[in-house]
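There are structures below to look over.
Presented sequentially are two complexes of subunit A, the first with subunit B as partner and the second with subunit C.
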Partner chain A sequence: MIELAAVRKRFGRHAVLDGIDLQVPTGARLGIIGPAASGKSVLLKLVCGLLRPDAGQVMIDGTDITERSEEGLAATRARIGFLFQNYALFDFMTVGDNVAFPLARRGGLAEDEIARRVSARLRAVGLAGNEAKMPAELSGGMKKRVGIARATIAHPEIVIYDEPTAGLDPVTTSKVYDLLRADQETTGATVIAVSSDVEALCRFVDTVAFLYQGKIRYQGAAQTLTDAPDPVVRQFVRGDLEGPLEG
Partner chain B sequence: MRGLIELWGVFVSTIAGMIRGGRPKGEIVRQMHAIGNKSMLFIAVTLGFIGMVMIYQACMQFNRVTGDLSQVGVQFIRLVTSDFAPTLTGMMLATRVGAGIAAEIGSMKVTEQVDALRMSGVLPVDYLIVPRFIASVVMTVVLTTLGGAIMYVAGGLTAHYQFGVNLKIFFDLSLLNPAHLSLGLVKAVTYGAAIPVVSGFCGLRAKGSSEGVGWATTAAVIGSSLAVLLLDFILSVAGFFVLGEALR
Partner chain C sequence: MFGFVERAITQVGTTTVRIAREVGGIVVLAFDVLRALFPPTLDGRELVKNLYKMGNQSVPIVALTAFFAGGLMLVQSAPFVEKLQAHALAGWAAGYAVLREIGPILIALMFSGRVGANNTAELGTMTVTEQLDGLRALAIDPIRYLIVPRVVAMVVMLLALTVIGDLVALVGAAITAKAVVGIEFSTFIHSVVDNLKPYDFLHGIYKSMVFGASIALTSCYFGVTVRGGAVGVGRAVNAAVVAAAVSVMLLDFFMTYWLG
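Right, the complex of A and B next:
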């Protein structure tokens, strides 16, 4: 269970998150949506301790991670896979080494076994045979899929996807979500995903939280999002130009 | 002030990281090549020319005052060993190596690669700064030795061919003692340690996009150069207190 209690985060004078309360049960799939620069990526980074909140608590399975040192967070992060918005592939490593990195750092596996798992994972994301390429040789969509392979290769208990399908065409988007769903069903991982493609995201997640002006404005079932009682949420989801949504 | 405390924190983490291990295999050798081998020509040319200019100026001044050039080489090697070679090498490395380290780590920071390392349980200081720190310390000593030798030889040849100084008199090492060598070695090691720590710290503080990397690179060059000058002053004063007469 992931819990955020009264979490606040400011950058300078701007309060990005202003009292977030959120619970994500183990094995659940939560989607986070909201306007640009509403703090979605910041929220994800708080969950895995890449950022520290100014106030409030972030708890994973009852353990408060907000006061932990970098060394202390290593064990928690080993349970989390993270797909970064801009891929964050190590540009000095091959695709194969990038995907192998979490397994290699964790230790306990022979090099042959790591190589076998890397090949299998790259095949699963449709990039078989690309192990020797450098990230600079890949297209944006391919980089995104390498990022997914790296985030999920160690079968983490919690997987966080920051814009998993940004810049992908509709067919690839569907393929990626099919892959993420199949992965989640196999591992039973807790998933938090942020996406601007609300329609595709809602087909993948069970519940959706709408982040607006530093607060969770709405949280409910993904299937009923378009009928949300809040007009701000409805306007955002439907993409209407007229309405109460600011900015 | 907060920045200085954070910089100190990076230095302490770097020392702790050397004990912890966890750096990538073969990275120290790669960094030694990048910092040392690739700076060799730059250092050799720079220190060689500075050596020639200094001796040219010194001989001209001596000629105006006393006309006795017999002490030029003897005094020059003492200065080269205890100060010029390590400090000029340090200054040159602060620009070339400091900028490179800050740009590399800064780019990784703004493209979230540093966060990706952290997500894999890696401490960025251990992975990125420690190998550069070890490589820089070793290669600064090597480059100081090389640069000092070239500076001395270039100065000697200038004195001989321009002012007729006997080579045997110029290359007289009788007044050079272990105190000069010790002070030079301490300075080289200290600068070699300071440059990657200051530059790595600037890289890790990079924010935003390419503009942030540019800021980090500029800050690294200024910070590393200032660190070399400040440490030169501190170590020179400390050297005179500790080694005393031996340096005079």
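Right, the complex of A and C next:
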């Protein structure tokens, strides 16, 4: 269970998160949506301990990670796979080494086995045979898929996706979400995904949280999002130009 | 009038706070690096890669600079050597200046411009593209994985380059001595061997070790604290080179005073 309680985070004078309460049961798939710069990526980084909240608690399986040192967080992070919005691929490594990195650092697997798993993972994201390429040689969509492969290769208990399908065409988007769903159903991982492609996201997740002006404005089933009682949520989801949504 | 004074005081205060913050950050990074070195758990592959990149590829430029710097010692002193007929002391004078001052300082500044600036740009780019966060998310400590190998490689390689540079500078001085003043190689070598002590060499070596640590820490610090994309990386490289040059000069002053 991932639990955020009264979490606040400011950058300078700007309160990005202003009292977030959120619970994600083990094995659930939660989508987070919201306008640009509403703090979605910040929220994900708080869950992974990459940022610390100014107030409140971030608990993973009942353990508060907010007060932990970097060394203390290592065990928690080893259970998490994180896809960054801007890929965060290591540009000094090949694609194959990037994907192999979580397995290689964890140890316990022979090089042949790691190479086999890397090939299989890259094939699954539609990038078979690209092991020897450098990240600079890839398009944005390819980098995103390499990031997905790296985030999921070690079958983490918690997977965090920040814009997993940004820059991908509709067909590839569907394929990627099919893959993510199949992965999640196999591993039973807890998934939190942020995406601007609300329609595709809603087909992947069970519940959706709408982040707006530093607070979770709405949380409910993904299937009923378009009929949400809150006019702000409805306007955002439907993409209407007129309505109460600010900014 | 008061507005000008107020602005001046504000400027001085802001600059002081900024410098204090940067020096404090570098000191904290130094402690983190030391902590990571005991016990040494640095990544071997990263260390070897950095040793090669920072050291081997710097040899040609360091050798070229050192050769002409050594020669310059002789060109500058040639009129006095001629006037005082001090041919037997030319090797000593050039060697003393090269081993104690010119070698360590010049090579450190070259190293800072080539390796330090590159290191800041590399780490800065990794910072703004979230690669450091990527490492942390994979439970890898960027200090141990990226910073420590770079600091060790820079200290070791500046030391090695200083030894090479010292030798090349002496060769440059000997060749220039022969060409400009007509001093025989044997005379020059005798002058160096008879008059210089091993400590003159070690004096420069101690300095280069400290300069290496200083350049490494400043370049890494400004790299990992970059904010603001490509523009921020440019600013960080500039700040790192300036900070490294200032720190090399300050450290040289105090070390010369302390080492005698």
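We adopt the following convention: the second predicted complex is superposed on the first by the 247 of 247 C-alpha atoms of A that agree within 3 Å, B and C clash if a C-alpha of one lies under 4 Å from a C-alpha of the other, contacts with A are read in each partner's own complex, and residues count from 1 in each chain.
Going forward, a residue touches a chain if its C-beta (ideal position, glycine included) is under 8 Å from a C-beta of that chain, and two chains touch if they have at least 3 such contacts.
Given the structure is predicted, the values throughout are model-derived calculations rather than measurements.
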item: Subunit A as common anchor, with subunit B and subunit C clashing or fitting; value: clash
item: A:105 touches, of subunit B and subunit C: first, second, both or neither?; value: both
item: Subunit A positions touched by subunit B in one structure and by subunit C in the second; value: 45, 48, 50, 70-71, 73-75, 77-78, 80, 82, 84-86, 88-91, 101-102, 105
item: Residue ranges of subunit B touching subunit A (in the complex, touch as defined); value: 107-108, 111-113, 115-123
item: Interfacial residue positions of subunit A with respect to subunit B in the complex; value: 45, 48, 50, 70-71, 73-75, 77-78, 80-82, 84-86, 88-91, 101-102, 105-106, 150
item: Touch list for subunit A against partner subunit C, complex; value: 45, 48, 50, 70-71, 73-75, 77-78, 80, 82, 84-91, 101-102, 105
item: Subunit C to subunit A touching residues, read off their complex; value: 125-126, 129-131, 133-141
